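One chain, chain A, links the two complexes that follow: it is found with chain B in the first and with chain C in the second.
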Partner chain A sequence: MTVTEPVLDDPILEVSDLSVGFEGFDGYADVVNGVNLSVGRSEIVSIVGETGCGKSVTTKAITGLLDQPPARVSGTVTFDGTDLFSLPQKERVSLNGNGIGMVSQDPMSSLNPVFELGEQLTDTAQFGGKSPSGPLSYVRRRYFGEDRSDAYQRALDTLKQVQMPNPEGAMKSYPNELSGGMCQRALIAQALLNEPDLLIADEPGTALDVTIHDKILSLLSDIIAERNMSILMITHNLGVARELSDRIYIMYGGRIVESGTTTEIFEHPKHPYTQGLLASIPRLSSDSMSDGIDGSVPEYVDPPDGCRFHPRCPYADESCQSQQPPKKAFSKTASTECVRYASDDPGPEPTMTETRRRLNETAISGADST
Partner chain B sequence: MSTDTSTLDRIVSPAQRELWYRSYRRFADQPMSVVGAVIVASVITLALLAPYIAPYPEHVGSYTDFANSFAAPSLDHPFGTDKAGRDLLTRVIYGYRLSLLLAGTVLGIGVPIGVFLGLVAGYSGGWIDAAIMRLTDTFLALPPLVLALAIASVFEPTLEIAIFAVASLWWTWYARLTRGLAASERSKEYVQAAELAGAGRLHVMLREILPNCLSPLLVKMTLDAGIVILTGASLSFIGLGVQPPRPGLGTMVASGTNFLPQQWWVSIFPGFAIFVLVLGFNMLGDGLRDMFDVEVEQ
Partner chain C sequence: MTPPLLAVEDLQKHFNTGGWFDNRPPVRAVDGVSFEVGQGTTLGLIGESGSGKSTIAKCIIGIHQVTDGQIRFRGRDISAQTPEDFERIRSEMQMVFQDPTSCLNPRRTIQKTLQVPLKANDVPEQERIRRVNELLELVGLNEEYLHKYPHELSGGQKQRVNIARAVAVEPSLLLLDEPTSALDVSVQAKIISLLEDLQSELGLTYLFITHDLSLIRNFADETAVMYLGEIQEYGDTDQVFEQPRHPYTRALMSAIPVTDKREQAYKPADANVDGEIPSPQDVPRGCRLHPRCPHSTEACTKRRPDLIEVDSAAVRCFAYEDGASGFEELHDTLKARATVSDGGESD
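Here is the complex of A and B:
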């Protein structure tokens, strides 16, 4: 089998060969390196990886939030048949909100501190995703006519949908008077107001404590079921990804190292990084702490040659250092980038048990050598 | 009574009033700022009500009463009289009118221009930012008093020309301040959230960024009002601002210098009037700064 992207016939979002780099003082940081991914209609897709793997940068590149320069973005992003990077600014603005909505990861700082929540949400409901139409019509719609009160009502209804406690009171509160969970709900409401087809959720609820995080996630999954939207979710939590998503992309060092349906990823993890991530989920059944992956995410200014994971990989050998491993597809949806699967006869596939054992070994030998 | 409260509640919610009250407490906890506010408020009242308060309103223009020339301060003329026998208290009160007019117009012209340019520069970045800021730098390189001197000596020296000259330089500080604030605001998450919700450029600049830059701007405006008044008085003092017989404070100080120290009141009282007003604005500005808890480059 060959290339697997796009896995769907009619994806709503298709990212191909997306690369993002930043021009910095100590050189060029190659942060996202040739990412291919796609999100189907009413499909929930997660990107999973450690902090610093380029997940958020990928979403920022998709939504056009990166300043160029210092960022350098190449590749193509196609949303619903339109190439986003060649779209004029005005149409891009109207696509945001209507087409793509985003829930960002820090709820407390994502609301404007000087306006009441109701004011902001009403503004979003009334003007979000409309291409700018001149100051006169702005003033007319903002201060005269029924438009404003309709928008207010719509904002209030959306707040009720996201189960905001005391929505009328919340509409009259400033963001600093709301709790983190309430701000997160307000942000979800803001993203939903103009009914986007694709919602990008960048680690929703991570900034909150686990109980609220859980509530936010179940709220999200309810909304997903209700609205039939497509979701691209960013998370570093495999458990969250497993619970919510249809397909998962595993990202490491700015590349998609493995992809597959949720079942494929969890039943047959192929890439050593995926196996390491799975091995590092704490287990209640064992006495010991769960195994982590040694080392940390690579430097992007001078990334490791070949496979970017090789310095941390328990299976690495010389071939990993010299060449970028080719992408190998296993099914219509599953693929991975690892030299172990490159040849036609790769020998016995490593299993989770073996990965755990090897991770333990490297951890012990690493501890000895220090 | 109960109907009163509910009407009040309908206009301003209790939560809002609580918020205002807390800001007021922060402001009022510093005696200095209250004194400043009282000074500024009473000077503005004096200036507005000048025709009704001033004891001899007819003494403002080219009135002469040489019989009363250089009368020392007394109950009839608390600040004494000048060479032409005009009551100095009256002229100082009217002088405040001109000073406040100068400050109001200079800031009224300079602040909107500077703030708008700064917003555009800070939000756009890139070559637009570079172009606007280099233009600003060019204007900043000229000392305000010197350019005002140049402009005033090219044209007929009047108050209006002085206002124009000072205003043509004053926007630069606001452009620079706003640019810095806007550039740091634009990368805040709520600005990005607004952009992602599909907000247009103008909306982001005026509704997301500007309101969050307002408190440093307000503080700077208050502090600047005193400096503008001082600049205007300096111009008047060297004869390039308000022309006699109009009662400019700086003009009056200048005209009294010939008669020091015998007829000290002719210079000292107008000079003291300038001092009190500038001090008032500075104390008020410091109070506002503490209230908003902002850092303003001095």
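Here is the complex of A and C:
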């Protein structure tokens, strides 16, 4: 049985059958393989997975930041009713920042170190969403235009909104004079300046301390509630995803292996990968922790046949290697791609306790592949 | 009772800043830290970046010169050693760093990397090759990896090699400076279970530095919470987590994103600290946390609190001094927590 994406009425972003690959020296790396996802209006959606599962590549394909070639992108991405891949390059670029904002992962290296923060933010406020122009028109607008002070004021207001301590002072400082938390706030402000409808946040605050990270996350959720924005968030931290998002996609080896609302994912995780990830998280309340998942993410040049998770899966058998597992839906929002849930499959259905037991067992028998 | 393997007493490490005409105060990275690590146990050191955790480890292993205080290893003070003395002690203690990639020489194969510490200890060549094979097996890698280069390995595998290199000289103390924070959870769990196995097999003693509280909870016997160069709370791990007393410990715990309702209930609610960690060059007067602390009173701004023994833990907070006033709110939440955890002990 094949099931399409949960049908959202009027999603702001819809990605269907997105595939991204890269030509390399070793051959063709099939990094994202048939990803379907959608983000509704004023909804927060997370993509969760380990490093190297294709999460960031997916967002880069959505925003058009991949150079083609070497990348090969196919599928469709619809943003607010427009097909992004058929748009002319100029219009697409002007959509970035204006319609789709992005907060990138490393706050310290995402700001230009040779310009004052104020200058960078004001430039974004003034020129964001305008198609790229030559240096002459930049100079004309930058030094002779009248809207510079307006833009400065707008940047300052946004900095205040993201609760930057001493915003006036921050506008006059260089990125190296700001702490990590302040840089992250500045980046969020920059992404919000031109009031995008969709914000793509790639591991916001992961590089920061827990207390600051926590603040950045609550700041984000306040802003969304206030501005009626949608967020597509990338994270490898399931705790973060649980705290913020409405719906979660679990990604492994370039495929969405499980999707569902936050409650569905955390109360009834279906896919062995989701269960393994959940079991690997150290717990605060007790000192029991499973031994983790064996192995590492697949080589994309030569991915495993069938289910890409099978070399690491505690439930794997021959049927996993022979076929791409069918997608099985459990509710309007929850679905998973695992053979064990097919109606004619003899194997046991993965449960949390069983997965935990099996993971610990395999850890004893052979630990030589992590 | 046997003396602890490592005892640190009133350790201070100040970094001087500026040149001749600059009289800014020194950076007080570590300011009066004392702790003990018993043979075969694990001490977890937690805190935000900039709280001085790594500086302590670097002082112990002799990368930094100690400003003041004592570091006793097997009862002998090692804080003021000559480089020659240190060379002898170093084979007793080894360090594993945070970033597994930058610690490995990209032009050496794993075999060569693992031979370096053995060579430094004058192990003959035949013996070296045998030892390298043993070490690889010990950390769960097979001989295939002998002739690989670091770029061919995943993050978890590289960290395994780093651990193998650290235990190559048969040390008794391992200083683990955030060994898993660059790894995914599934791999982190693997590395942690490897470290646990090594500890029971080789009788190692760990000083485990991390900012991840849940990890400490699973791994350490004792926990010390650091803030701005001082230990704020120090005690048995269970004790510290069951009943976090210091406002800073509570804030750290409440900031962790967790994954189910039981965990959510376990976190102290509404225990946030404001703002960011101040510069260690300009530490607040009095209690170092007071500008960020939700419970701070006037007394906190005036004098520095001492470590106060409460049950079997030590807490650096005025709220636990005899006759302290103004902390009713904190004590109320603590009492509420005690009754909850007594009731929930059954599971």
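One rule holds in what follows: the second predicted complex is superposed on the first by the 336 of 370 C-alpha atoms of A that agree within 3 Å, B and C clash if a C-alpha of one lies under 4 Å from a C-alpha of the other, contacts with A are read in each partner's own complex, and residues count from 1 in each chain.
Rule of thumb we're sticking to: contacts are C-beta pairs under 8 Å (C-beta built on N, C-alpha and C of every residue); 3 or more make two chains touch, one makes a residue touch a chain.
All values derive from a computational prediction rather than experimental measurement.
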**Request:** Look at A:153 in the shared chain and tell me whether it touches chain B only, chain C only, both, or neither; answer first, second, both or neither.
**Result:** neither
**Message:** With both complexes overlaid on chain A, does A:191 touch chain B (first), chain C (second), both or neither?
**Reply:** first
**Request:** Considering only the touch criterion stated at the top, classify A:114 as touching first (chain B), second (chain C), both, or neither.
**Result:** first
**Message:** Contact-wise, after the overlay, does A:124 reach chain B, chain C, both or neither (first, second, both, neither)?
**Reply:** first
**Prompt:** Looking at the overlay, does A:135 come into contact with chain B only (first), chain C only (second), both, or neither?
**Reply:** first
**Request:** Determine, under the contact definition given at the top, whether A:296 touches first (chain B), second (chain C), both, or neither.
**Result:** second
**Fill in**
Within the complex, chain C is touched by chain A residues 50-51, 165, 179, 181-182, 209-214, 217, 236-240, 242-243, 266, 276-294, 296, 363, 367-368, 370
**Asked** For chain C, which residues are in contact with chain A within the complex?
**Response** 48-49, 140-142, 154-157, 160, 184-194, 211-215, 217-219, 237, 241, 251-260, 262-263, 266-267, 272-273, 275-277
**Request:** Report the residues of chain B in contact with chain A in the complex, numbered from low to high.
**Result:** 13, 15, 125, 188-190, 192-203, 207-208, 211-212, 214
**Complete:** Note: in the complex, chain A contacts chain B through residues 63, 65, 67, 93-98, 100-102, 104, 106, 109-115, 123-124, 127-132, 135, 138, 172, 187, 190-191, 193-194
